[in-house]
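Look at the two complexes coming up: subunit A is in both, with subunit B in one and subunit C in the other.
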Partner chain A sequence: MRWLLAGLAGVFVAIVPYLVLSLHSKFRFAGKAHLWAVIAEKDVNMISQLQYLPLVAGLMLGLFQFIPEMNKKSFKLTLHLPHPEKLTVIKMMLFGFVSLSGIFVTTGGLLLALMRFSLPTAIIGAWLIAGLPWYLAGLTAYLLAAWVCIEPSWKQRAINGIVSGALLAVFLRTSGSFGYMYFTPGLVAVCLLVILFPFYSVFRFKEGVPE
Partner chain B sequence: MITKNKIQTILIVFATAILFWILPWAVKLGTNEGSGYPFTYYSCIINQFIQTIHEKREFKYVDLDGNEYNREVYDSIVPMFNYRQLMQDGRLPDTINGIEISPQILRSNQFYFRFNPRNYNTRKINLYPMFESMSGRVKLESPDDMFSAGNKIRFYDAESNKLKHKKSDKFQTAMEKSGFQFPAQWISGNPSARKPYDEGWFMLDANGQLYQVKMVNGKPFVKNTRAGEKLNVVWMQTIETSNHRFYGFVFDSEQHVYFLSDVTYELVKLPIEPFDLKKDQMLIMANLFNWNVVVTRDQQREYNILDNKTMERVDEHTEFRKLSRWEKIHPWIFPFYIEFESFKSTFVYPRFGGWSAKALLLNFLIAMGFLIYCKRYKKLVKAVNILFVLATGFCGLFALQLFKSRIQETKNIIHLK
Partner chain C sequence: MSTVIQCENITHYYGKRLIYEDLNFTVAQGKILGLLGKNGTGKTTIINILNGYLKPYSGACYLFGEDMRVLTPATKARVGLLLEGHVQHSYFNIVQIEKFYSRFFPNWKSEPYWELMNRMKVTKKQKLSTMSCGQRSQVALGLILAQNPELLILDDFSMGLDPGYRRLFVDYLREYVTTTGKTVFLTSHIIQDMEKLIDEAIILDFGKILLHRSTKEITGQFRRFRFNCPHNLKVEATDDLYHPKVLNGYGEVYSFLPKQDVLAAIKKHGVLPTKIEEEHLNLEDAFIGLTGKY
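Let's look at the complex of A and B:
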């Protein structure tokens, strides 16, 4: 788990210089003034390569954290420990949620701070607004992966997977800068509500729903 | 208190909402058709609308009386649209309707203007180029800085990414002197350097006054168009025409459309039906004699022919659209549907549409079928579930089945510590 987190953090850290160098390379080829004009006129997002990365990170972390828990039956054992079950599950999810948020906020902030040296606030602000749904998709993907993994029945697991896929598609409908401007609070609300989903599987797990 | 039932309810609501998005989308994808409006242009020779109809892999040219023309005749009776073909064939007349014509005269009076609701229902990055309007060069040259206008106008040097204090202050002072009240509500103009000439930017100030702001010989040129004193300006879209007749089209809160005359800033109202810039599309195909103002609404397309000089409406025609298969089907199967994207806006958010009471008939049958099934197989069913299916139809039923509790689970109530 530690290695996975370090790997994810490494990828997110490595993409920062890649995107900054790529931007500067484009500056050298096209000229700063021209590139600014193209970005503003055509709404070109030079960090759009990031769009699916938080989603993949969230899914990987969720699967790598909860699949071993289920396979080794350690989750079952954990729920039998003399420790409040809700708190146990919350702590498990909080670990991934906070770790992912930490990686996202640190590397996202670093990227925008470095780009701020060569781009005006108007462009940085637009890209920040564009990037928020991608990171929210990553956090939601982590929670949904936990929901799917904890589910005891394979049939229900498949259903949860399909519903999760459809729900995640809502976060990635456009890469336009201001496309999600009005719906970002809605996406935050969806992400927060999804925290409850894994508890549904925990209830079913406790009830002894057969696999 | 987190209980299984509460989470189950949330899951069912989420699943139902997702199904109301995905299922209508899939049905629409399989049944939707194009609008099918034929291309229509007004003939200044026979003063009649001529339509180009694509039928059996062939184009037919017919007027509204049903008279059919071959391609050569069509070219000659619609000379304003086909003048280049007529020139190539050596058939371009010297005069039309007693007016001398030449390719140059025709070109200078011709323009195409398109307005799509997406032009209005969008947001752009607040960064624009201020071109030198009187550079003396044939082509416009891109500036090495860009400006943003919010609470103040600010120019940023692209090379250093630093604020240009002197230039910013110069424009700020000029705008304040002209009475411009910050913050600017919106900015409209053409940011492309590939335009024939530059007329700068039109900005609506905090008081609803429309200003023209441009740079002439390195100095700010700021002028109140006074359009805001005559009408409640909502939006403007600029255009560069060869004859420099006007700056662009102004839309007001009364849903009227005007053009803003060059230099004098005189507003000339287009005699067309109210235009909703949040929903309707507009295409203007102008020529020496007429403007073909084509307004496309949800169910119809209106063709307004305006005299190029007097701007009076000389003819009109409305074409009604046949309902697509999707439009015929959805009211019977979905009481409503959810869409996240729209052709009329660049914003993504859930839009509830297609409300229909007709679907309640199918919902009733589904709910009755569900009730009979539960009774026959002695399955426990709550009244609230039946009501839910009655309201949401098969989307709700499907969602209930996805997250149903088995009898032995519901008997054994578990509480998490």
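Let's look at the complex of A and C:
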């Protein structure tokens, strides 16, 4: 798990200089004034390569953390620990949620801070609004992966997987700067609501729902 | 002597298949009780119900007086649980897993764990996922002993173990529980191992408890009777005559009754044997006699 987190952090850190250098390279070829005009008129998002990265990170962390727990149902041992069960599950999810948030906030902040040297605040603000749903998708994907993994029944797991796919698609419908301007609070609400989903899987696991 | 495990009127179904109906039993403090049964009679189901990982159709189980559905952390700390197949968090190595568990259990004593680990030829950095089943069984046993629980629940502890590891497991466990007076509730497919270990046995049949008696009673009183049966007459099973069989002029029946009573019971079926032999049984043969071969 430590290696996975280090790897994910490494990828997110590495993409910062890549995007900054890529922006500078475009400035050199097209000229700053021309590129600013293109960005403003055609709503070009120069960090759109990031769109699916938080999603992949969230899914990977969720699967890597919870699949071993469900392997031969060793999750029973986790729940058998002399510690309040709900608190155990909360701590497990907080570990991933906080780790991902840390990576996202640090590297996203670094990227925006470096871009402020080359771009006006209005453009960076627009890109931030555009990028927020991608990061929320990453956090939601992590929670949904936990929901799917802990679910004991394969049939329900497949249904959960389909629902998860549909929910995540809502976060990634557009990379346009203002596509989610008014719906971002809605996406935050969805992300927070999804925190409850794994608890339902834990409840079913404890009920002994057959595979 | 206080009751550590109490199950009341447990009824459970898998789909439409009845597993048990109104199952009742108790385990007193300090007893080593073995749950014996053929495959599919619900041994693991009981373990799951006891630990709150399966909600029965009806009925309730209590561990130290607490409902199994809502065990408090304090009660969980008093219960050492071994899952079928010696399942553990296999991504840890033996140092990490000891450190992980020790934080949770207030009575943690690492000596028995390291004593067992030192017997194994594994490095401290070797992950559990790369260990053999026998080695994992020692890790699982060591962790349970280090928890220093009052009750040990061991589900099919002999599964996947070669005779050497099985013997090591049984010897170590027996020495530990007899010197510390722990209560043990266990299941195993290898009944020879149970015989050396358990004080009492519950023998499960499909849907019910067939028998709950002390091991001494079972091995001391339950016997196989062989007799000649000249006309191949059929002997019917009764509450006292288990699994009678007649083949090629010879009959066989199992019973707790003394020889003369068995003879009288056979004669009621019109069979008049001229020769009857009784045979003392070990626990495995007694189990076969009680549950039948198939």
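Going forward, the second predicted complex is superposed on the first by the 210 of 211 C-alpha atoms of A that agree within 3 Å, B and C clash if a C-alpha of one lies under 4 Å from a C-alpha of the other, contacts with A are read in each partner's own complex, and residues count from 1 in each chain.
Basically, a contact is a pair of C-beta atoms (placed from the backbone, for glycine too) under 8 Å apart; a residue touches a chain by one contact, two chains touch by 3 or more.
Just so it is clear, the structure is predicted and the values come from calculations on it, not from any experiment.
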Contact-wise, after the overlay, does A:Val163 reach subunit B, subunit C, both or neither (first, second, both, neither)?
first
So in the superposed three-chain picture, is A:Arg28 touching just subunit B, just subunit C, both, or none of them (first/second/both/neither)?
neither
So, A:Leu77: does it touch subunit B (first), subunit C (second), both, or neither?
second
So in the superposed three-chain picture, is A:Tyr200 touching just subunit B, just subunit C, both, or none of them (first/second/both/neither)?
first
Looking at the overlay, does A:Ala122 come into contact with subunit B only (first), subunit C only (second), both, or neither?
first
Decide which partner touches more residues of subunit A, taking subunit B and subunit C as the two options.
B
Go through the superposed model and pick first if A:Lys91 touches only subunit B, second if only subunit C, both, or neither.
neither
Touching both subunit C and subunit B, counted on subunit A across the two superposed complexes
84, 206-207
For the complex, which residues does subunit A have touching subunit C?
1, 68, 71-74, 76-84, 205-208, 210
Touching residues of subunit C toward subunit A in the complex: what are they?
14, 48-49, 51-55, 73-74, 76-77, 79, 81, 83, 85, 87-91, 101, 104-106
Interfacial residue positions of subunit A with respect to subunit B in the complex
31-37, 39-41, 43, 84-86, 89, 117-120, 122-123, 126, 159, 163, 166-167, 170, 173-174, 176-183, 186, 193, 196-197, 199-200, 202-204, 206-207, 209
Quick check on the complex: what are the subunit B residues that touch subunit A?
2, 4, 6-8, 10-11, 14-15, 18, 21-22, 122-129, 142-146, 148, 156, 158-159, 161, 191-193, 340-341, 346-350, 402-403, 406, 409, 412, 414, 416-417
